[in-house]
Amino acid sequence: MPKKKVKKTANEKDIRHDGRKLNELRPIKIEVGVLGNADGSAYIEQGKNKILAGVYGPKEAHPKHLALPDRTRLRCRYHMAPFSVQERRSPAPSRRDIELSKVIREAFEPSVFTEYYPRTSIDIFIEVLQADGGTRCASITAASLALADAGIPLRDLVSACAAGKVDGRIVLDLDDKEDKEGEADLPLAYMSSQNAITLLQMDGMLTGEEFDQTMNLALEGCKQIYQLQKEALKAKYLEVKEAINKESEEQ
Amino acid sequence: MTSSVVAKVKQRRMADLVSLGKRLDERGLMDYREAQVETGVVEKAEGSARIRLGKTEVLVGIKIGIGEPFSDVPNQGVLTVNAELVPLASPTFEPGPPGEDAIELARVVDRGIRESKAIDLENLCIEPGKKVFIVFIDLYVLNYDGNLIDASALAALAALLNTKVFNYEVKEGEVQIKPGYKSLPIRNYPIAITFAKINDKLVVDPQLEEEQVMDARLTMTIEKDEKVCALQKAGNGYFRIQQISEAAKIARQKAAELRKLVVKK
Amino acid sequence: MPKKKVKKTANEKDIRHDGRKLNELRPIKIEVGVLGNADGSAYIEQGKNKILAGVYGPKEAHPKHLALPDRTRLRCRYHMAPFSVQERRSPAPSRRDIELSKVIREAFEPSVFTEYYPRTSIDIFIEVLQADGGTRCASITAASLALADAGIPLRDLVSACAAGKVDGRIVLDLDDKEDKEGEADLPLAYMSSQNAITLLQMDGMLTGEEFDQTMNLALEGCKQIYQLQKEALKAKYLEVKEAINKESEEQ
Amino acid sequence: MTSSVVAKVKQRRMADLVSLGKRLDERGLMDYREAQVETGVVEKAEGSARIRLGKTEVLVGIKIGIGEPFSDVPNQGVLTVNAELVPLASPTFEPGPPGEDAIELARVVDRGIRESKAIDLENLCIEPGKKVFIVFIDLYVLNYDGNLIDASALAALAALLNTKVFNYEVKEGEVQIKPGYKSLPIRNYPIAITFAKINDKLVVDPQLEEEQVMDARLTMTIEKDEKVCALQKAGNGYFRIQQISEAAKIARQKAAELRKLVVKK
Amino acid sequence: MTSSVVAKVKQRRMADLVSLGKRLDERGLMDYREAQVETGVVEKAEGSARIRLGKTEVLVGIKIGIGEPFSDVPNQGVLTVNAELVPLASPTFEPGPPGEDAIELARVVDRGIRESKAIDLENLCIEPGKKVFIVFIDLYVLNYDGNLIDASALAALAALLNTKVFNYEVKEGEVQIKPGYKSLPIRNYPIAITFAKINDKLVVDPQLEEEQVMDARLTMTIEKDEKVCALQKAGNGYFRIQQISEAAKIARQKAAELRKLVVKK
Amino acid sequence: MPKKKVKKTANEKDIRHDGRKLNELRPIKIEVGVLGNADGSAYIEQGKNKILAGVYGPKEAHPKHLALPDRTRLRCRYHMAPFSVQERRSPAPSRRDIELSKVIREAFEPSVFTEYYPRTSIDIFIEVLQADGGTRCASITAASLALADAGIPLRDLVSACAAGKVDGRIVLDLDDKEDKEGEADLPLAYMSSQNAITLLQMDGMLTGEEFDQTMNLALEGCKQIYQLQKEALKAKYLEVKEAINKESEEQ
């Protein structure tokens, strides 16, 4: 597809292809406690991403030789639905899925009091129903809420967001088009109260200065997302509280 | 599949209930749970639908690809149905390649669509013997509370009715995508109705706890003219012939009711 | 292949492409106890189908976590030889094989006194050496005899037969050509003394009336096959008895 | 492969017997079990044969397909041999992909056929570099009572001699099947003869109980002009050079005898 | 990954050492082990290099094949990186398909090469949309003593610089190999530098025992103009933002030093 | 590729394509103890073959049901690097790899005092880094040294070498070109002090006389290789001894 280079006016140059400002997140909608069977669950829409996370556990580790004597074993499966992308993909896990499952699991390890539940395992299942760039970060944002929803003691929520470089500009929360056409993408996961970066990856090329700038912008994004996560949790609790009150009234 | 004493007690209790014409969730034996179907929920898929049948939730996504026809039907498009029992849907689902339950689910849904000729596959031929459209129907179970077949079949039909196929032209043997879409040619509306046999009685649309204690399961798929187009008995028990005739009668009624949820005229 | 529509005379219209009457089974040959190592075995030829069934068990369930505390675990593998069909097929189990293995296993569950042997397993292995339509039914017919031959206590034999609709006529025991060109195929497994339908499937389209008619015809077929099964068992016992007598005489 | 005390006792008894020139089933050390070969047993296969060698039973089916040649021999048909140790044949066989025993079996049989140039593969070329016939030989073990290699190799040869290839013509690059058949071009008749070494003595055609206690196994495949065309030593023990020379001599005799069972002149 | 008491004691001792700015093998916290790189060690491969980084040993082999381009970049060659943690390299490596560690290793090395545009992939197109060169980079770990990513990335770069592509011409759509070779077009020199965080301090180039106790790991890949071209955080711990900035600064220095080992000007 | 048939002079006819005499081995270089982690290891170059062997064990058998009550379980994996051959090969084990792993393992069984270590396992890992004909023999030659290097009690070293028939002549130690173009290849493994043939295979066609001749030539090759193996072991011990002496002096 030929891209026309249009001379941009002062204002235009700070506006992205979808109308967002450089440091603007895509619209985000989060819901907690959306699944019937999982011990905890959450659903996120971030732009066109639609992702569901479910948590089971802590439960007895199986098979037993995988049990850790001093802490819980976190497990994570990041998986994309066959219809989540442009061309139908096989449901078998790809190498990318396996890498992402690993780094996402490692992004949660510092947030969970794993030592509370020796010899158990906690499973985090992530299903990307529709993908549009930035799925690993949105998955982390949702899965952290699913862990909280499951009542698993956490040091803090983990919030995740990418920043990157597109058309020479450092921008927040790249969508699929920006990811593919851009110069760099840096996903980052962050535990605010601990000032801890728990996931950090990068594709692309950034000078030292750009790198610092991008990382800081991604951190800003994480902080905004942290607020949205807390609101979503609060909404869930209010809902539960209301349900309980209603029940009491009815009796 | 627990075989413990607790399970036995529960089984007896549930069986007693059914004998009295009652069910755990206060439905009548031949009452369906409320079904909510939403279409177009995955914009990137050519078709999609999400069903909530009680607490059972299934998302169906349909993708259209281009590939080779089977050599015995060179002028027909290809239909392929796949089911994933993803592990967030139930503590009993494991990651990994589809097991026998997922394969049976996919094949029973496939059979209903295929045998009723719901999709006009001849309409999906691009170049006979060389290039045809492939319709990928992916059944994605998000929450398992019983009766996956009916939920999946209904959502698959809704998704098919919601599916758009891109326009194209063939230039020098290559398919080129052109702007615009048209609907997938749907000619029939198969509806699966599943019965569980508990304590020698039939109940329709079993929920999970009923499936756990049922002796056997029977699915009848009924097409728009009330013909039976697929059958599947499963489970460790059996049916008597009268029970099957009874089920066929009820299946026709229930199918007509459910069909209205997804086929708007 | 163009099919000539020939006007049929009164008699002709009740005759099928292979000369059978509408309600006629293909020629059936059954032998019991045909394998050296299996605890029980049987071989069936039904038309051009050639199928071997072998049973091992009851034996200790392995791996142990699969053992059921209150009954035996029935297992079943329906498998087709690579050379059993027109085009050579891969020996890896297909999705169809996996589904058939499941429904065949479930067709036997009601016939076996599974509670007699807790914590064990019984393996039913079916090998289709040549396939010509109706293999699942012929497999069940043979495997039920293999179970009996293994000395496994059964409520009754399971007999199986398909009926269907071909060229507008309801016919018994479809062969491959009829299955492919016909309008419907309904395989059914039946335990006569229990009046129990233990397998029921259908492909195709049948009105309510046709459906009842087809199911009844399939039941008729099962009853005929049941007689053949009993004869085959008797033949085996006579053979064994003769062998014993002979041995006694020789001593 | 049991290593229990019982097995040790049995091993000693069997070894003692062999020292005395005797075997469990009263055969002499260099006696073959009776072999019965029946061909054409699977009509849908292009070739087939079933062998009973004592209680060992193997069914061999041959299918002919069309595919691409290997790039280094563009004008030769393709030969592929596969063995399935199906679980009804023995309590020690497990379902699943072929293990090392099945793979070795297939490869030793393959080697005898390939190295003796039993099939005239150049005769099976349709279009050089593009289309050739593929000969699929499937070894299907139905009952395992020892010496699968010899039984399988003999049945494979019988099946090859029984194989018909359909006539065809090539029209616009497509192969079209025409009425009629011709025989597969067979040029040589390899026969595998297997020895077990027990208590430092050789026995031919070991049955299962002998295989369970043998130190080592040696298969020699002999072609029609008495040349050796494949060898395979297996098992945890070893052979002395004299034993191999002795085996070669006997293998030639036995091969000539067995060959008569399947090659009628 | 042992979590035993012994491991805890060891962890504390190692952590104490690092606090004092010391390491087990007497290196400084920001000292790299000695790296020896030898190229052309596998003559049959189009390119190869073997690295010894302390006791860690990796062999990288590069093969050039011909295949189809990806449909979204029809005029570019294909790069594919695969890592094998072969079981002779460590008692903890198991035979079988690559696990998550091998996959991560391959993908991080891939990312550095791909994102820095080290290989001029457009130069590797033969016929747009139809035939391109495929560059297979196989990372073969022979002895594991920590920091596989840096060792593999460095050896991969050395092997790429050592790679020859055969000459060819296209005749009637077929690629024909002609005598002679030319070098693979290499445009950039990415170097991976890995840090371990132990007791809240960073150490560069962790050896195995350090990896066993580290909280977290960070790899920064730096290209020839000192730009960052790939990042990977791993491990169960976390980093503070200042630590990442510190790491970036040191990575640039270390990358420049290491690059001299393989890029001769 | 057309091969010119050149009339050979008396001398020429005993010279092979690479200048070797008929009964001449390729240049061989062996090193023992080359890997850091393996309990024993060896590296061999034989012509263009480059092969690494590593041994781990004896160690507790895992999983436990594989343990043998009266001896160690030898395991062997013969594996080729993807870049070891002309066209890149998949790293997944081929059927050939699986067969070779089996016969190589069986070639070592008679050499190891397996009864010394009941309930354990010993793993032999072979990696072919470059292949040029005769890899199974060179692998055995190296792996036997790796077993010795691991301190595993052996009856004797196993030495392996192929002989075969090329252009009508019986020759020793075929390279890849000779193997592919020749008439027969007979690999053999031999334990000299036991006069024991522990591996024997053959591809091709040989008359009785040729067969005896080929087998004897292969045995000759094995005996030469046995000497090289002993030298390599001695070199390793000298090296170790020197290192110890040096250490003592330094103290």
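First chain written, first letter: the chains are A, B, C, D, E and F, and each begins at residue 1.
Note that in this section a residue touches a chain if its C-beta (ideal position, glycine included) is under 8 Å from a C-beta of that chain, and two chains touch if they have at least 3 such contacts.
What you are looking at is a predicted structure, and each value in this text was computed from that prediction instead of being measured.
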Field: Intersection of contact partners for chain B and chain E
entry: A
Field: Path length in steps (a step moves to a chain that is touched) from chain C to chain E
entry: 3
Query: Just curious, how far off is chain E from chain A if you go by their C-alpha centres, in Å?
result: 28
- line: Between chain A and chain B, the Cα-mean centres are separated in Å by 32
Statement: Here the gap between chain D and chain E, centre to centre from mean Cα coordinates and rounded to Å, is 48
- request: Check each residue of chain C and list the ones that touch at least two other chains.
  value: none
Field: Set of chain E residues in contact with two or more other chains
entry: none
- line: From chain C via chain D, the ring reads C, D, F, E, A, B
- request: Over in the complex, which chain A residues touch chain B? Could you list them?
  value: 35-38, 41, 48, 50, 52-54, 56, 59, 77, 79, 81-88, 91-92, 123, 125, 127, 129-132
Query: Tell me, which parts of chain A touch chain E in their complex?
result: 68-71, 95-96, 98-99, 101-103, 106, 109-110, 186, 191, 194-208, 211-212, 215, 219
- line: In their shared complex, chain C is touched by residues of chain D numbered 41-45, 48, 55, 57, 59, 61-63, 65, 82, 84, 86-91, 95, 97, 136, 138, 140, 142-145
- request: Enumerate the contact residues on chain B facing chain C in the complex.
  value: 3-4, 100, 103-104, 106-107, 111, 115-116, 216, 218, 223, 226-241, 244-245, 248-249, 252
